[in-house]
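What follows are several structures.
There are two complexes below, and they share chain A, which is joined by chain B in the first and by chain C in the second.
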Partner chain A sequence: MSISERTITAPSMALGQRGILSRFGPSNRAVFPWVLMAPTLIILFAIGIYPFLYSLYIASHNVILSKPYLPRIFVGLYQYQALIQDPEFWHALRKTLIFTVQAVFIEFWLGLGLALLFQRQLTGIAFMRVFILIPMILPPLVAALIWRYMFYPGAGLMTYYVGGITRALGFGEIPFLSDPTVAFQTLVFVDVWEWTPFMFLMLSAGLASIPRQPYEAAEIDGAGSWRVFWTITMPLLRPAILIAVIIRTMDAFRTYELIVIMTRGGPGNATTTLNVFLTKTGLEFFDASKAAALSLIMMMIIIVMSFVFIRVFRSKTEVAE
Partner chain B sequence: MKKPTYSIESPAAPLVQRNWWVYVVLTLVCLVNFVPYLWVVMTGFMDGASASSATPAWFFTPSLEAFHYLIVEKGIMKNFFNSVIVSLASTFFSVTIGMFCAYALARYDFTGRDDVSFWVLTNRMMPPVAVLIPIFVTFQTAGLLDTLVGLVILYTAMQLPFVVWMLTGYFRDIPRRYEESAMVDGDTWFAAFRKVTLPLMMPSITATSIFVMILSWNEFAFATFLTSTQAKTMPPAIMAYSIGADIRWNVLGAAVVLITAPLILFVLLLQRQLISGLSQGTVRK
Partner chain C sequence: MNMVKLSAVTAAGLSLMLLALPAHAQTEAQKALAGKTVHFLAPSMPQFAALAKFFPEFEEKYGIKVVVDEVPFENYRQKSLVEMQQGTGTYDFFAVDVMWLAEYAAAGFLEPLMPYVKNADLTDADYDIDDFLPRVISGTGVFNDTLYTLPIGAGPVGTTFRADIAEKAGFKLPERFSPEFTTKYMYDAAKKVNNPESNMIGFANIPGRWFWGVTYLPYLFAYQTPETKGDEYVDKDWKITINNERTVASIDYFLSLKEFMPADSANWGIGEATAVYQAGNAFGTWNYQDFVKGFFEDSETQAKVAGKNVHLHTPAGPDGVIDPWFGAWSLGVSKDSKNKEAAWTFMQWVTSKDVQARATQYGAGPSRHSTYKSETLAKYQPWWPGVYDFMLKETNPDERVRVPEWAEISDVMGEEGNRVWIGEIDSKTAAANMEKRMTDAMRKGGYYIPGRSDLPKQQWRDLTYYDRLPSEWN
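Right, the complex of A and B next:
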């Protein structure tokens, strides 16, 4: 510290608030940060911890919301065990992982490509950026509604134009939302449409913060642009890449509006991800205990994932520095 | 070292510039990203007949039929103002409260700092659907169901982790000696914070506020289950009016226009702050 305790406390003492201020005020460097954080921590505790404890309690009992007259029986870890033995749970987990990996992978490469194109300072490019960002600005609900309309048989643009082309080629209509495999890929497509702009924005920011010197050195050495990309741009972009990928992975894992509005998990259970499975269990079958156990498992998965990501991120950035 | 033939702003730009295909690619991307939205907006201005025809009608006589239905018959402006109140209030509270927490995390080196910061983030990891039932029960006992106050409290808590994480990065960017010299000159901590740190932080706080406001404006899951008549915000209202037994596409379009108009206006006006703000906070962590 560059200034002594005395210089900070002196003015506040002069104000005559010595009692409280010297105990909890800025001069007490051990306690003061907690004073500053208290409102945030209290609110998060009240809204965050209570549902968590409640979920723990419910998950260890047998509560069906539609049958409140049933006695609440303590069942220990039964709910978790039942879930692990439930093939529907594993199906939903697999769907969620495939959806997340596919969507984030495609979004990353498309976003990176766009960000690189935007590095060329062309005329009119700032104007184009607004158009490119539109899907990300729309409420997820609206994005889902728009595409539900686009793919609606007999009404949407996609079914009319793309369907027209495939009919002319003799393939017939594409069952965008009615075939299990196609419906799943349609959802991935809409997620990519909605969130590639986000990747683009984050990676553009990362590219803007790369220093100039390595490129000049590479130019003197006569390195080709492909080589420059892999040996300079990619390593220096790594922090931005990791942050963008972490945020997108966490959000793709929890995708809700998109799936609920476009397919409601169907046809069959082809697009039933964990979040949809959870919604059905808790809010359609009112099996609160099973839903609580499932939500705790989901939370564990997300925490472990982001913990690993943050670890990787820290070690990689330390190496880079 | 300056290049003799041309100058480019950015270091990551390729050396050879052949631009026509870039324009083609970017124009295509713009079309793909913009046309679906444009089409739905256009549908909002159609009358029932042209909106429900199977052949897309790119040229039509504009009609305000759907807007009339939503605004006059359904009174959607009430939901609109609910949304305005809830998103403004929750943005104000979460940014004001979260600012101090971020400041503490960025400026003080206390035991458990990384744990606190990670715990704050984990609050964002719970899937909304997962906390819905306990929150519903709590709101029911506290009498907060279907009230704007309840939604404001909930959204404030929901946005806090985001605010704290964004602002912590920004505070780290501001050198600590500015405040220190103000305090040496005799200012109290709070005076130094208000006169020195806060003005420097204003651009970042603005960007964060815009983001938080958009997130609150867009929130759907909680709004659907925690409100019914009095406090219903735009997203559940739009869901209710645009998806039913028989879908009226022009009503859907008009609803989309009403919910997105403030967003689009906002982003057009504040594009620069939004982008520069985002690039600072997330990358320089």
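Right, the complex of A and C next:
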């Protein structure tokens, strides 16, 4: 590049930069917020919206990954219709809902009980608080593997000791993972073990944020602890409960590692939840379209459940206020 | 004295020269591949661990580096299929289970191999493809008359029993393939020694729902009659035929073995049953021939049971029918590989007569005539030569029907069968449910579209198809 070229180019670049700044910079109030948000929006589109749209596309076609030679035919809503007519889907949905309701219900009340207990200034409470959180810190896969070996037939810690006790009492061994009903409840038990600490953590934070004044007023009025709990603690704790229950419901609804590692959906189909059914459809039978339709249905169910929770809690909170 | 020294030095010198010389001279085309790296995707299984011991030798000889990615068996199909689908060529060659060949070959994921076999520049002169057992190589690697993969061991499933326990109980177990070993014999023998109070169960069965497609089939086949052979799952028009009295009887027999099992065993898989046997707490269990060494006969890791076992086939049914089970793993070059020639160079070397024979000392199974007859196999895995004739004449590569719908069919069998095991339904209901759900799977696969003419051929109805000389395939 010659000197003359440089002298001509530099001012024109400065002019160009100024032009860009005036078009996309802070002075342009309509565009500038979008410029700031652009990186986030691009990432959001790439990892959230695009896969969602692609799922819609796949679910409306006939894509089987192990048969790439088949033409991709548009089938409209056929995949959803096929799922709704599939008894396996309804079985898995029922199992998922029962699992979610049971697990979240127990975790909520246990977590609340622990949160109330740990509000008191007892000796060693700080140590116990850390101890209680350990199950939640473990990756779900590791937790599931630990429990699988705890329930290992004949040799696991639980089967050995609990089996020993029940044998001594004349009840025989407990088929923790072999009886359909017991296996299902075993999974609920492990989920409760792992996720009660989460409820405890969320509700502890909620309790800590409740002001002291209502309690002092209640004490002056001579209200009993039961009445204080139902009329002060619970209503003021509602926002924390709402968040904790929604997050846990969504998580429990999607539970996967625990079930696959411990029972793989068995015995029979006793613990086949929607996520197990989804994985089987998508990654074992490679029916991508049916799996995409199923995942979209699952997403809709979760959205509807969250919406219902929010409406119910909000209306109750408004009444309380 | 000097003569002795001279002889010793000469002998040492000659030995060094011999060691320095390659077993087979490399061609110019093979030499040109030095410096390349090939990527191999394989499941974590004993036969691949055996092959891995030879990687350094290959790398030294050819200058081609082999990088292997091992994936747990349960994730392997998913991982390999996704990799092949994406077509990135990340992996140059894959391990292929016999059940997936048709799917992979039909989808165009694999490279036809015969042009490489016939290419003298890339294949060692003494490779001798006709040394492979015809039914093994064609059953494992041929689709639509074209060779796509090379076997690295193929074998039947069977049963393993403790000979010392039988002896103590006052009986001697029969020889392999003896007509005396029937379903009734197996049940009676297990009952004789079954003693849970002394931590000895008669037979460690595998009733977990995910395993029925492998562990129940020996009984489904055993309960056939010579007339119904070939129609175990489907008839000539691909209509499902499983709802019949033979299926019901086979499920009932499978269920009768529950008598020997602990209460908490409905989910037992291969791992649980094998662990109980390895601990010395079971008289018998299921096996797959390729796992025998690692699971039962490795004196270092299986000290409690090694050397005390008798390895039999699965029992014959009431009409003397035995299961023609065929299991195999093979190696196939990816269509998208950028190093196909280097991948082939490794594959032809590792499946050569010399390496295959030597690999048997580490637990690899045979697929060549020469390997079956090798001293190494006889020394390290003496239970193999006994299945040579079976693998030549009796085995059926389509024992599990090789269609893309098999995964679903197998899952249906497992789920319905396991429901019988836990007492949710009876065997008749299970057979009826199996038929209905398998029919749905086949219907979805388009098997019942009127006038469809491109349905797969049912090669199992005439097994001579698989008996062609390996070099005759395309």
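Criterion: the second predicted complex is superposed on the first by the 273 of 321 C-alpha atoms of A that agree within 3 Å, B and C clash if a C-alpha of one lies under 4 Å from a C-alpha of the other, contacts with A are read in each partner's own complex, and residues count from 1 in each chain.
Note that a residue touches a chain if its C-beta (ideal position, glycine included) is under 8 Å from a C-beta of that chain, and two chains touch if they have at least 3 such contacts.
Since we're looking at a predicted model, the values are computed, not measured.
Asker: In the superposed model, does chain B or chain C contact more residues of chain A?
Answerer: The larger set of chain A residues in touch belongs to B.
Asker: Is A:S178 touching anything from chain B or chain C once the two structures are fitted on A? First, second, both or neither.
Answerer: In the superposed model, A:S178 contacts chain C only, not chain B.
Asker: Just to be sure I read the superposition right, which of the two partners does A:T263 touch: chain B = first, chain C = second, or both, or neither?
Answerer: Touch status of A:T263: second partner only.
Asker: What is the contact status of A:L207 with respect to chain B (first) and chain C (second): first, second, both, or neither?
Answerer: A:L207: touches chain B, not chain C.
Asker: Could you say whether A:L283 touches chain B, chain C, both of them, or neither, answering first, second, both or neither?
Answerer: both
Asker: Taking the superposition on A as described, I'd like to know which of chain B and chain C A:P139 touches: first, second, both or neither.
Answerer: First partner only, chain B.
Asker: Hey, what residues of chain A end up touching chain B and chain C alike?
Answerer: Comparing the two interfaces on chain A, one with chain B and one with chain C, the shared residues are 65, 152, 154, 283.
Asker: Enumerate the contact residues on chain C facing chain A in the complex.
Answerer: 77-78, 81-82, 85, 103, 106-108, 208-210, 262-268, 272, 276, 404, 407-408, 411, 415, 418-419, 421-422, 424
Asker: Which chain A residues qualify as touching chain B in the complex?
Answerer: These residues of chain A touch chain B: 2-3, 7-8, 11-12, 15, 25-26, 29-30, 32-34, 36-37, 39-41, 43-44, 46-48, 50-52, 54-55, 58, 65, 114, 116-117, 119-122, 125, 128-135, 137-142, 145-147, 149-150, 152, 154-155, 157, 160-161, 193, 197, 201-202, 204-212, 214-216, 219, 225, 233, 239-240, 243-244, 250, 254, 256-257, 261, 274-275, 278-279, 282-283, 288, 291-292, 294-296, 298-299, 302-303, 306-307, 310.
Asker: Could you please specify the touching residues of chain B with respect to chain A in the complex?
Answerer: Touch list, chain B to chain A: 1, 8-17, 19, 22-23, 25-27, 29-30, 32-37, 39-40, 43, 52, 54-56, 97-98, 100-101, 103-105, 107-108, 110, 113, 116, 118, 120-135, 137-138, 153-154, 156-158, 160-161, 164, 177, 180, 183-184, 186-190, 214, 217-218, 220-221, 225, 235, 238-239, 242-243, 247, 249, 252, 256, 259-260, 263-264, 267-268, 271, 275, 278-280, 282-285.
Asker: Which residues, counting only chain A, touch chain C once they are in their complex?
Answerer: Residue positions touching the partner: 64-69, 152-154, 159, 172-180, 183, 263-270, 280, 283-286.
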